[in-house]
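Two complexes follow with subunit A in common, the first pairing it with subunit B and the second with subunit C.
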Partner chain A sequence: MVVTRSSGAGFKPNSPRTRTALRWNWDFLFLIPALSLFSVFVLYPFCSIFFRSVYQWDGVNQATFVGLKNFIEILTRDYGFWLAMRNALYWAPITIVAQMIVGFALAYILTSGVPFQSIFRAIIYFPAIVSPIVVGIVWQRIYNPFGGLLSDIGAAWHIPALMIPFLSDPKIAIFSVIVVNIWQWTGYSMILYVAGLKTIPEEILEAGTLDGAGVFKRITRIIWPMLRHVHLTLILLGIIGTLQTFPIIYVMTQGGPNHATEMLPNYIFTQAFRLQAVGYASALSVILLLLALSLSVFQMKVFGSRFAT
Partner chain B sequence: MPKKRRNPWCLLPLSLALIAGDIPATATEKTVTFRSWSPIVETTNQMIAAFNQKNPDIKIEAKIFNYPDYLVDLQTRAAGNSLPDIIGLEPGALTQQYKQFLLPLQDLAAKVWGSNWKEKFYPIAIEQARLGNAKEDENFYGLPVLTQTINLWYTVPVFQELNLQPPKTYDELLKIAHTVQSKGAAALLVGAADGWVRRDIYMQLIHNIAPGLIYKAEAGELKFTDPPFVSAMHWWKRLFDDGIIQPGALGLSAYPGSMELIEAGRAATFPMGAWWMQQATRPNPPPLSKGLSGFAPVRFPDVTGKGQPDDCLGGIDVMFGISKSAKDPEAAFRVVADWIDGAGAQALINTFNDLPAVKGLSPQKFETENEQRVWQMLVNDWLPKVKYARQLQKPEVKQAFEDALAAVAAGELSPEKAMERIQTAADKVR
Partner chain C sequence: MPNVKLSKSFGFVFAGLVALVWLVPVVMMLAVSFMPPNQRAPKFGGLLINGVSLDNYRTVFSDAPILRHLVNSLIIACSSVLLVVLFGSLAGYAFARLRIRWKETWFFLLISALMLPIPTMIVPLFQVNKTLGLLDNYLGLILPYAAFGTPLALIIFRSFFEGLPLEVEEAAKVDGCSKLGIYWRIVMPISWPAIAAVVIFQFMASFNEFVLALVTIDRNELKPMTLVPLMYSGQFMARPGVMFATLALITIPVLVIYVLMQRYLTRGMIAGAVKG
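Let's turn to the complex of A and B:
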């Protein structure tokens, strides 16, 4: 037993205050493993990147203090960084909206009693459990205009739109990768919507039907609003996913051509490990961290209270 | 008689050691640790087995990564002062970054091989091993294990079927492009999503136009905006505009993307190096790669009208260094020495992983005459003549080249603007 106070004058073993103190200490002991892990794997790297971000450092040798030079360089002259920011702005809304709409449509169809709906759900969910490395390699082949699947179909059926250089044209490369990302994760959205749809009481839908609401009205006026918690979850996960995007880009395009598909995590990796600029990469990480924190605070402010309802 | 009970706790240390894979070596057995990205795991295991046949007293613990993971591991271990005994290195920037942790090896080399040890190696291997050293720094922080040349390869059956000759000039390559297109093949099939492939082609173009000039520009003696560099960039652009390089090349990785198309016979020529020979040694290789029967090397075609240079670019593929924290540097060097020119080196060369760093090593078995002919050509005719490095020294300049080459190929930048960007990047690191 942990004794929290000496048993001198004024100590009342059964007083509520003493019981609270005792419980607090026990609770704290149980928190130690989690706090230790948090300190080592979150707090220390968190502090470390702030510290490293004001140095020019190759990760191995003596570091040179440069103040805010890394940040100024990033914000004023770094072409790759701004392309990565632009791409994040494309990535988040396009993937989130597309995955929500397609995921919802699939979920609606696959909860409306179509035959073999469990099998279809499994097939549609399947890409979400495949490694992004495999997905990247396969889709690079599919997109290849020289002997790739789409190109061959385009040639056979005379569809020039399928024969374009999907990944090598800087203007469309990022959208080509976004399509793959949507394809991979739509099954996940669908599963969340399926779960959400099952929570809607049947009586409400029947009441809507009795009041003369058709399919479209039932979806837009009853079902869609009642799935608000699923929408918010998907938005939150979509934004987190955007900030974490790495393997699919690394495998499919390596951020190219000429940074056209660069995302911030890929750019940080390139700076830290290919260009030996760990200080600069730390400054980029600080920016990514601040961005993630700002978005989290914003989401909590805007959606926070509605997640529970 | 009651059975004697054993205290289960006495097994705990052994269990932990087994779980950690860290059974202590016997008193006479030394352990040497090795980490690298090259050679691949299977080849490394063969090298260890070959070494241990004659050296059972040294246990080698090896871990092989892919290259990006290896860089992460190396950096983390250097920061944590837990580097392995033997470290895989590239000449230039990587070796320079870690040299404070590396043991100079020339004395150990002289002890094992004698005072004229440098003569064992191909000249370019010795020259490049100290790439990036300060002028007064004569130390060898790593010794070369494998070397390479970069060049084009051509697919022999494609050329035979169309009655073509390997291209010696740009015009000949252009004619090949017109001929092979109808057969569904690319004149020059390039996995240009990988920056190193783009750089390799540019390096061969500038080597043709002005041999040796690019290293002077990297050292700051010349500008990358000078006419020869811009001209090489124009030729790079023409390779795309003239349809010599296949469409969508910037979206295709070298491995496995371009490799599969090449082995399927879709390439008339393709840019790789001496390492392409190892395609023949994989399990169940496709028909073209079996015994390397379908491929042969050729120098990059001339774009100047003055003829191809007599030499190829090339140099060290991988070298090994020994960390200062190695418990037994002499044991570690015995391993390195064996992998450079002993039984381990023979096992390594038998896989055709790349070319040896020392003279006189040759695979023990060739599957076809073509394979033997290619080997002899690379080792006897090309490698001894290599004068200039395939690689640039500074990662920032390399990256600037890779970006600029992609931008020019995609039509985002003119060759002139692209070279200006490279010059800006070079100025920044100087």
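Let's turn to the complex of A and C:
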């Protein structure tokens, strides 16, 4: 019995129905633990968001069915929501481009045999492992206009541009937080580029040199295009990362001043846990999930799914 | 070749400068944490201090049950790591070696959780925990962390198992070893590179996770490290040194794991790069 069921080579064409039935009962058990966790903590919550999004509900009392009212409200007159969307449109491109360029430059330099290169790599990667809570509080102090690092430097060397309220001026607050995000995650893209560079065969790089291609040409014409899969991965990660940005906003600005640094997860949190508008927050979550899913599916359709393995 | 030498020293200077800038916040965190408590208004946000003292760390240990919070974090992180390694490798083995109906559909379904990170699902996760009575309970964090960590583990394990040579498993099969036996006694013991990658990712993710912990754990003695800075932010407000000592202490465990296991990190990151 065990032998008939186990390997692909030894199948006898007996009744196909019993065969599949047996396989279902036995091999499928390997998936049960993962599937049960998945159903309770991923699938059910996922479905329940959609269900709750058409109710007005404070999370405790009886919910009232309101149809699409939450969605109409969000899309037509929710100031916080639209600022969060605008900020996502700043956040994703700025972060992604900065991380790709700096990350690639660092990866290129730090795989070329520079002294102490592994130490440099470790230093630049380090912020990626630090809790965003820690990062947020430390940078708050750097940005603090009263005795913070930047304002002190500005005062010492007479640079007024460094003596501004980085986090409380609504015009620049979001960019100040984006800088922190770039600082935290550039090392991650660098490591991915290092891994990508190692897959490019030595001969290709040497062939370029013999043909008389300079360093710059070699980078732009040969190496950069060959790292296509890494670029795509970073774009995808950057978009997903933008849509799930929470702790750093929560710690540094709480989305303020007046939603100037609002991001969707923080806005959802505020609605659900501060204003007790659970139905409304669910509708916001539906929009966020649909955004995340459609962007991911779009990327997979365009670029192919397992491009980085 | 002078050209190569020149570009190398340029590269060294560039990378050195970037690394220096990158270090500033880290150095500032440490400097402020070692700042003597009597120092008022330190220069450059605390980058320059006029002496080193351990007083802030002493205050943290005496005023806040920091070790208790560390133990909470370790219990939560280690349990979720254990579940993820076990569940992820079982399923990964099935996907790599066994015959399952609609295999790729199940696989896609399971890894789709990568597209639904915890912050986007916080409202219903809170409701699920409430319904199951898991608020103020380690399990209210352990189980969701494991559920959201399993997809990445699944990808890492599946691709690792698929790369293993079949011969040993075939031999064990001929000797009458069951599938579960092959998985547990033959495959798992030689899979430590994949296990290490999963351990490091899951540990860091669950140790640093914030938003679910924030809404799930309300009782102070159950709170993990990641909530500590906010718990004491009022109390430590006027004492940045104590706050920054706390931040440094929170960073140590992840740093230790990172240093111990960084060899396996790249592998996991590349597998994890399908994330999305």
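Keep in mind that, in the parts below, the second predicted complex is superposed on the first by the 279 of 309 C-alpha atoms of A that agree within 3 Å, B and C clash if a C-alpha of one lies under 4 Å from a C-alpha of the other, contacts with A are read in each partner's own complex, and residues count from 1 in each chain.
FYI, contacts are C-beta pairs under 8 Å (C-beta built on N, C-alpha and C of every residue); 3 or more make two chains touch, one makes a residue touch a chain.
Note that the structure is a prediction, hence the values are computed from the model and not measured.
On the superposed subunit A, the two partners subunit B and subunit C do not both fit; they clash. When the two structures are aligned on the shared chain, A:G103 is found in touch with neither subunit B nor subunit C.
In the superposition on chain A, A:L237 contacts subunit C only, with no contact to subunit B. Touch criterion met: A:D169 reaches subunit B, while subunit C stays clear of it. In the superposition on chain A, A:F269 makes contact with both subunit B and subunit C. Contact comparison for subunit A: of subunit B and subunit C, C touches the greater number of residues.
With both structures placed on the common chain, the touch criterion links A:Q254 to subunit B but leaves subunit C unconnected. By the touch criterion stated above, A:V60 is placed in contact with subunit B alone, subunit C being left untouched.
Superposed model on chain A: among 7-15, 43-51 or 61-69, the stretch of subunit B in collision with subunit C is 61-69, the rest showing no clash.
Judged by the document's definition of touching, subunit A residues 59, 137, 141, 144, 147-148, 151, 251, 269, 273, 278 lie at the interface with subunit B and also at the interface with subunit C. Residues of subunit B that touch subunit A in their complex: 68, 71-72, 75, 78-79, 93, 97-98, 100-101, 184, 186, 189, 192-195, 246-253, 256-257, 260-261, 266, 395-396, 399, 403-404, 406-407, 409-410, 412-413. Per the touch definition, subunit A reaches subunit B in the complex via residues 58-61, 137, 140-141, 143-148, 151, 165-170, 173, 251, 253-254, 256-260, 269-270, 273-276, 278. If you check the complex, the residues on subunit C that touch subunit A are 7-8, 11-12, 14-16, 18-19, 22-26, 28-29, 32, 41-47, 83, 86-88, 90-91, 93-94, 98-101, 106, 109-110, 113, 115-128, 132, 143-144, 146-148, 150, 154-155, 159, 170, 173, 176, 178-179, 183, 204, 207-208, 210-211, 215, 225-226, 229-230, 240, 243-244, 247, 250-251, 254-255, 258, 262, 265-266, 269-271, 273-276. On the subunit A side of its complex with subunit C, the touching residues are 2-3, 6-8, 20, 23-24, 26-28, 30-31, 33-35, 37-38, 40-42, 44-46, 48-49, 52, 59, 102, 105-106, 109-110, 112-115, 117, 119-120, 122-124, 126-127, 129-135, 137-139, 141-142, 144, 147-153, 156, 183, 187-188, 191-192, 194-195, 215, 230, 233, 236-237, 239-240, 243-247, 250-251, 264-265, 268-269, 272-273, 278, 281-282, 285, 288-289, 292-293, 296, 299-300, 305-309.
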